[in-house]
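Chain naming follows the written order as A, B, C and D, and within any one chain the residues start at number 1.
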Amino acid sequence: MISAPTGSFHRHETVHWGDCDAAGIVFYPNFYRWADNSFHALTRALGFDQASLSADHGILGTPLVETSARFAAPARPGDRLDIAVRITRIGRSSCALHYAMALDGRAVADVQEARVFVRQTGTQLAPCAIPDAIRAAMAPHFVTS
Amino acid sequence: MISAPTGSFHRHETVHWGDCDAAGIVFYPNFYRWADNSFHALTRALGFDQASLSADHGILGTPLVETSARFAAPARPGDRLDIAVRITRIGRSSCALHYAMALDGRAVADVQEARVFVRQTGTQLAPCAIPDAIRAAMAPHFVTS
Amino acid sequence: MISAPTGSFHRHETVHWGDCDAAGIVFYPNFYRWADNSFHALTRALGFDQASLSADHGILGTPLVETSARFAAPARPGDRLDIAVRITRIGRSSCALHYAMALDGRAVADVQEARVFVRQTGTQLAPCAIPDAIRAAMAPHFVTS
Amino acid sequence: MISAPTGSFHRHETVHWGDCDAAGIVFYPNFYRWADNSFHALTRALGFDQASLSADHGILGTPLVETSARFAAPARPGDRLDIAVRITRIGRSSCALHYAMALDGRAVADVQEARVFVRQTGTQLAPCAIPDAIRAAMAPHFVTS
């Protein structure tokens, strides 16, 4: 069921001609691209982005540890996907997100991401604690169920 | 451990400048694109592709039911990834694949895909049995462990 | 100068994190992707799309003959581009389009496309006359200067 | 005519399933992506890349001023494109490149790029002189006709 629980953040992506493959349906890596777009849109809505994470907190970025997706129905050019974003876990240095993508109230794809906040030392990336201000900004979108 | 078990199929992808994000590391949906590229390269090596599936068997395509990935280390422009492809399940109408991506023998990313063979009826996609000839072609790359 | 002449069609694209390269600015093929997105958005606004061109007129598509772009200023994650689309030529079987992309009224990129309407015979693509209904739909967005 | 003049640099790109649109032919921004891939492959072959330009010369990158392409024939999944790269101009701070893309000796696409070497001051990008070592490395691939 596609719902909009308290705390979820909504945005849209339109499926474009170039997002589809020769079978006429979305080439699946694009669903992950739309999840990533939605993560960054959420953080901007919460008052931070990758540039401010770097400038204010010395954080290189929030790369992925793990992602997964289930695909329920095909989407085609012109379809306008509703994407509901929820933060499903906030750990010491990592967090998890869930993106429910639907078309006219019908599930199309479900994407999950686990991300880690990292600093760079040389060419190495090391996990670092999520800054308190960032943690506080994310909390309202942390939905447990 | 990155190994090359009997039955695995190998190919390479070079990480290009445009595959990386502003943190200088691969934008993660590209790992899924490289998995998909590898699936199609495997089927061509086995003697079929999406065009012949359609022409010879009336199959619209092999869309994804489920995918997932774990990311072990970042990859950067100029890196040449070794991709070992294994078929990990062959069912009645679906199959699963595993893509181990490594750089100089060190794991970078692991991608899993579950695909279903479908026919189109109207705008609906319905699972169909994997044709015997296709099943036979895939068998040598079916690696259980 | 960024203007909105009579007949131009406007839409927006937000620059996402994954659209940018390691220098932190848009990876340039994305500007062409946004032009193509805008072409298809325009045709949908005019009442047709690639699916209806095929179903109603036997037209395979509207591939590119020639494209070009000039880049005036970099764009970065979070930037919201205004895209003004004009049809600059309507020939027998081809047309040309101009996409002026701007950020806060300042030019970022200018893209030009020349497209041809084609039918498929075997694996060959052959130009065909633009159907009268399509020509009539496009006319209001044909801006000569 | 597709030729291989003295000084041209060759590489290949395979057209993948996900590079094609619903008409079954390459989605055209990918030709520009392959041109960009080829530029970076050329510079690596010449002994430099974006990372060394930054580390050794304080150069942020080599963004595009202008690009264009003519498309002669469609390309489809599985096609292996031969790409011949020539440097067609080396100015004070900019250079131009030509990418002739062919399939089995038949022209598919021709891409042109004009690039400028830039430094960053604040959020501004300013042209800078091409370093002598870089100019010397590029010279052998400078082909006037």
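Please note the rule applied: contacts are C-beta pairs under 8 Å (C-beta built on N, C-alpha and C of every residue); 3 or more make two chains touch, one makes a residue touch a chain.
The structure presented is a predicted model; accordingly, all values stated were derived computationally and were not measured.
Of all the chains, the one whose CA centre sits at the greatest distance from that of chain B is C.
Of the chain pairs B-D, A-D or C-D, the one whose interface repeats that of B-C, sharing more than half of its contact pairs by residue number, is A-D.
Averaged C-alpha coordinates give centres for chain A and chain B that are 23 Å from one another. Chain A and chain C have Cα centroids lying 29 Å from one another. Along chain D, residues 17-18, 21-23, 27, 29, 33, 36, 50, 77 each make contact with two or more other chains.
Of all residues in chain A, those touching chain B in their complex are 21-23, 25, 27-30, 32-33, 36, 50, 60-61, 63-71, 74, 125. If you check the complex, the residues on chain D that touch chain A are 17-18, 20-24, 27, 29, 77. Listed in rising order, the residues of chain A touching chain C in the complex are 14, 16-18, 33, 36-37, 40-41, 44, 49-51, 77-78.
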